[in-house]
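First chain written, first letter: the chains are A, B, C, D and E, and each begins at residue 1.
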Amino acid sequence: MSAAPVLERPAVEPHLDPALAAGEDVRPTGRRLGPGRRRRLAWLLGPAALLALWTLASATGLLDPRILSEPWTVVATAGELLADGRLQENLAISAQRAGLGLFFGIVVGALLALVSGLSRVGEALIDGPVQIKRAIPGLALIPLLILWFGIDETMKVLTITLGVFVPIYLQTHAGLRGIDLRYVELAQTVGLSRTAFIRKVVLPGAMPGFFLGLRFAVTGAWVSLVVVEQINATSGIGYMMELARTYGQTNIIVLGLAVYGILGLLSDGAVRFLERKALSWQRTLAG
Amino acid sequence: MSAAPVLERPAVEPHLDPALAAGEDVRPTGRRLGPGRRRRLAWLLGPAALLALWTLASATGLLDPRILSEPWTVVATAGELLADGRLQENLAISAQRAGLGLFFGIVVGALLALVSGLSRVGEALIDGPVQIKRAIPGLALIPLLILWFGIDETMKVLTITLGVFVPIYLQTHAGLRGIDLRYVELAQTVGLSRTAFIRKVVLPGAMPGFFLGLRFAVTGAWVSLVVVEQINATSGIGYMMELARTYGQTNIIVLGLAVYGILGLLSDGAVRFLERKALSWQRTLAG
Amino acid sequence: GGTATAGNPTSQASFAPLATSVPAGTTITVGDPSIRVALELSGLIKDLDGTNVKFANISGGPQTTEAFRANALDVGSVADIPPIHATWTGLDVRIIASAYRQDAVNHPLYELGVAPGSGITKLEDLRGKKLAYSPGQAQGALVLRILEKAGLAQDDVKLIELPSTGDAYSSALSSKQVDAAPLGGVQIKRYLAKYKADGATTLRHGLRDDPGHLYSPAKVLADPAKAAALAKYAEAWGKAQRWIEDHPKEWLEGYYIKDQGLSAEDGQYLIDAAGKRDVPTTWTEAIERHQQTIDLLAREQKKPQLKAADLYDTRFEAIAGTAFAAAGKGGAA
Amino acid sequence: MAAHPGGLTAVATNAVSVRNLIRGFGPKGVLNGVDLDIAPGEFVALLGPSGCGKSTLLRALAGLDHDVKGSGVITVPDRVSVVFQDSRLLPWDSVLGNVTLGLREHDAESRARNALAEVGLAGREKSWPHELSGGEQQRVALARSLVREPQLLLADEPFGALDALTRIKMHGLLQDLVALHRPAVLLVTHDVDEAIALADRIVVLDHGRVATVRTVTPDVSTAVDAAGHEALRRDLLADLGVVGTSH
Amino acid sequence: MAAHPGGLTAVATNAVSVRNLIRGFGPKGVLNGVDLDIAPGEFVALLGPSGCGKSTLLRALAGLDHDVKGSGVITVPDRVSVVFQDSRLLPWDSVLGNVTLGLREHDAESRARNALAEVGLAGREKSWPHELSGGEQQRVALARSLVREPQLLLADEPFGALDALTRIKMHGLLQDLVALHRPAVLLVTHDVDEAIALADRIVVLDHGRVATVRTVTPDVSTAVDAAGHEALRRDLLADLGVVGTSH
């Protein structure tokens, strides 16, 4: 196979030319060490397998329905709760709480991370207390939070915020501390102002860390609902589950868990989607 | 000031020569955008400030001792509990539980991260379920864990493991997915075997992520004690606090929180120390 | 009375007599979710017009005491243990209304769940067995009382500390991690429905576990305006109890099914299990029983003695009971 | 052999054979049908303007372009060694660790030490890559390829950051390696003199195609034939679009 | 001015003045007392073997060596622009964003586009740095320094990855910039011809000291004085330790 005669200025670039694209393509087949190309929807495989396992175990009686309700029972329950509107309502309220908490948590966490990441004084003052905060069990803080902020929405949103800001802080902090010194030097030599430095170097450089923190934060916000919606709430999926727990309504509890699982998967997926878009400049093993 | 006469082969390298080191040193004073040099013990500032605030608020009566015991009461309580040996005993037991859980969590998390990070099939199967796991509130899993693993040590260690493996997995996974593709290409061209690739490229490259995961994991392990030591335990700091809560011993509760805070600070500090040693090759903003 | 941590509790004498009218602008925050529903369903809520009543969805010991401390709640609805624990933890509280069940021994809140195959058929069989025990909760106190009744000391059984969240007890029983554990409400029905085939049973303990109280911090009761508003609420509360008693259908429909999301069957089970209500106009007997519980707990959990009478605000003694009785005669709204 | 295109007997005797190689990124074509053969032991220099696709060609030969659009038939030997355009040292490994990377022989370390000494970096074995100067990093990358015994050496401007003297020394090292193991070599360089001094054949890439191929005889290479040397030099510069400068 | 060492009137008229500069890493001394003056508008080329401390000197002038051990007195103007040895583009910003980095003028973008066009990268404004070839990345870094109007330009081998023709074009651009704004320039290069063609003065660094300083007259520079040109070239190569090669 010798060189085919090609036009001097091809109408179509050769690599896009359908005729050539169909041509022989024999490349050295060295072993590929990375994970290879991303495949769409492959992420569904694991959850699907889990679901299949659950269904199978339930159908064959391996899994006692008294321990874990069967998937179809859960689906039926979901149908009922959807029909009478309870599930949507509770979800909507919960989403609002989680969303607010998430928002404030992100803002607070990112700001603290910036201050603590960019100045040694800020770090000395902020970092220790944050580490202490995250070392103290959240449940133990609730009485204090009630004391200072009452039992209303403020307190609920604040509790979520307090849970959410920690991973955002930690990850953003680590992300920006991990920025290659070479880019900091560059910023100095082109005379970037402090704000421009933050905008052009620090924030984009800390982005990968921030996104990872966000992944912790979104699921964290949902999970916090279990705790905060036990306190003076009359709605929300946390409340719904607590109620079901009181009355031993296993099917609703399992439905709640399934809802958490789905919410977790979806929010995590959404963050990762955003991450891929925002970090398209990266050339990493992730491919 | 003209060039001082320097020996052709100086006995001491000039920059280490005390005579010259004391010489004039006028450098361009461009603004420094990074946080500057790390200062030893500066990290104590924040916790110290917190302690001072607490002491002050207690001393002036701003903080009701029924809500938060005074620091001196807590110190006195600590003294008593140390004197009769309860604090040490409980800490030792708890440390053992946390340590075991941490160990298994690290192993499981790191292994899963490797499998899921290095193969698309592994990712498809593992990643989704892990995301679901972390989206489901830990408290909700306890009945299932009791059912499957009883109420003895196994179940306690397992619960800690389940909490710990998630951040290790997530961070290691993200860390290794964030490895620069250029090093993967290099590994391919020097013909690294799969295991050598993992040992030489993947593990060191994922190390920064792993360490961050470890920071979440160590505090996570301590915090889990609050939950697991409520179940069929007769010792441990979680149990000690639960008991104090039952009987309204605020001073012990606050002591417990202080112990958590100190443990958190210390474990986090230890991980960061290890991290600095292990990642001394990094040239980042952290300096 | 009084304890090491209790500071100086307000004495009953220091409370001014209840005012007959509620000063304008008085607001009370009430943690009494089920009665709120009853008041709404029955229309009795109109009785409270003029008083600013804010309902919070808070009930149970730990949550109400936390909210009391935070000044976020003025009155809460609990069983007999929380007022004791609150006092022990330095929070001065008073009971202002109490409701019981008629024939309480046969209408218990809790039954002792027995694990399949553990061979427990009477309380004495508990000797040497593993019992789920949650020291801070009502179930915990009940376990101690059951042991006392069976003539057993704590050492004669193995108490397994386990919080009773969700269906943890039912799980622990079915997997035979414990031999016996107190189960309450629908959990009893569910446990039997699930595991009866395996040999699971429940055991009646034959004790009264029926007290239900409204209680408030003494600090709140010392405020004449709030005290007057609370009196008004106690009255409405008594009427609501009567209304529930007289309107089981509406209660089933409006509370259990609509508000709590239970099936009709489960709701009916709970209504049947509760039997008839008893809201006495005098507390003497109740205080005596309360004192026994206190004595037991103080002994078994090594806490200071308390006088049960100190836990009650006698100004309110007749209010709820009278309203309950009157509503019964006149027929509720 | 990674692939065996049918119908070409010549291929079997060549270390490298490239046929009608087409590569492009997005809408832009980079290689528009490159044909190239390199015999075992042959030293080919690749010249071409910046951005003409030299690195793209090398990456294709190294099998690093799985995800790049294009077609063509490439045959390369099994053991290929690459010196990247950036020196590409693992930042978390020491200089020595970087050189021994992937070596399985038991004497790997001593050989790596020798190679480091040869490139003038004895005593720096334990340094981190970031502690090296630009030229030193490049020399470590060179040492990494020297300790291997590849059948094909692909080197992308391996001397770009070196001063004249160091460069001459490195030329010597490379020539020794070639003399010893006789790998096929494809060397990308921007230095015409370097190409003449080292290569048996010089290929100029332009517009995604092989524009010219010039053979270098030993006499021309060593400037024994000074006129031939100067002529070749001028020709090559002309190939690259440079006309009428003295150097 | 960042500093004003006493007792030296000459300093005030110099853009750059370095006195007895000492720097070292760990136990190793790198600069052992460097003295250097650059007048405003003067173009100085810095030659020296790999690892001799050229980049260390430049980093000292740029004020990037806070944590490096040493002493000395350095005076530099306020506006200093640096072309690093690695092209150092922010990977998360587009080519255009990298060039406009830190520019506050409202016409920054159009000037950046022009500069990119001048270095032959028109149409690549939106590319990511990793989508560029080595030479293209270096040209972006060059464009970044071209759009600025520094009083001192420090350039560390800015043409290392460029082919002959592109390199000549870039020389032209740099010379235009110098003619326009007359910054003091310190250019590190390994190419003796490049040094002669561009510089007013050539400084050779060796063993941490300024070993030789050679002035380049315009005649020698443009090879009008061909013999002088060739002599200077030979001398410089000898300074660098290269003897008896034709090129």
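Methods note: a contact is a pair of C-beta atoms (placed from the backbone, for glycine too) under 8 Å apart; a residue touches a chain by one contact, two chains touch by 3 or more.
The structure displayed is predicted, hence computed values, not measured ones.
Asker: Starting at chain A, how many touching-chain steps does it take at least to reach chain D?
Answerer: Tracing touching chains, the least step count from chain A to chain D comes to 1.
Asker: If you count the contact pairs for each chain pair, which pair has the most?
Answerer: Counting C-beta pairs in contact for each chain pair, the top pair is A-B.
Asker: Using Cα averages as centroids, what's the distance between chain B and chain E in whole Å?
Answerer: Centre separation, chain B to chain E: 45 Å.
Asker: Rounded to a whole Å, what is the gap between the Cα centroids of chain C and chain D?
Answerer: Measuring from centre to centre gives 85 Å for this pair.
Asker: With chain centres taken as the means of their Cα atoms, state the distance from chain B to chain D in Å.
Answerer: 46
Asker: Taking each chain's centre as its mean C-alpha position, how far apart are chain A and chain C in Å?
Answerer: 42
Asker: Taking each residue of chain D in turn, which ones touch at least two of the other chains?
Answerer: 62-63, 80, 86
Asker: Which residues does chain B have that touch at least 2 chains other than itself?
Answerer: Expected reply: 30, 32, 37, 67, 139-140, 144, 147, 182, 187-189, 192, 201, 282-283, 287.
Asker: Would you please write down the residue numbers of chain C that are in contact with two or more other chains?
Answerer: 69, 165-167, 171, 174
Asker: Could you list each pair of chains that touch one another?
Answerer: Result of the pairwise touch check is A-B, A-C, A-D, A-E, B-C, B-D, B-E, D-E.
Asker: Which residues of chain E touch chain A in their complex?
Answerer: 62-64, 79-82, 84, 86, 88, 90-93, 97, 101-102, 128-130, 144, 148
Asker: Per the contact definition, I'd like the list of chain A residues that touch chain B in the complex.
Answerer: It is residues 30-39, 42-47, 49-50, 67-68, 117-120, 123-129, 131-132, 134-140, 144, 147, 167, 170-171, 174, 176-182, 184, 187-189, 192, 194, 197, 201, 208, 212, 215-216, 219, 222-223, 226, 241, 253, 256-257, 260-261, 263-265, 267-268, 282-287 of chain A that touch chain B.
Asker: Which of the residues in chain A come into contact with chain D in the complex?
Answerer: Residue positions touching the partner: 1-4, 6, 10, 13-16, 20-30, 32, 37, 287.
Asker: Show which residues of chain E lie in contact with chain D when the two form their complex.
Answerer: Per the touch definition, chain E meets chain D at residues 25, 47-51, 54-55, 85-86, 120, 131-136, 139, 156-157, 160-168, 190, 192-193, 223, 226, 229, 237, 240-242, 245-247.
Asker: Chain B touches which residues of chain E in the complex?
Answerer: 2-3, 5-8, 19-20, 22-24, 27-33, 35, 60-67, 69-76, 80, 208
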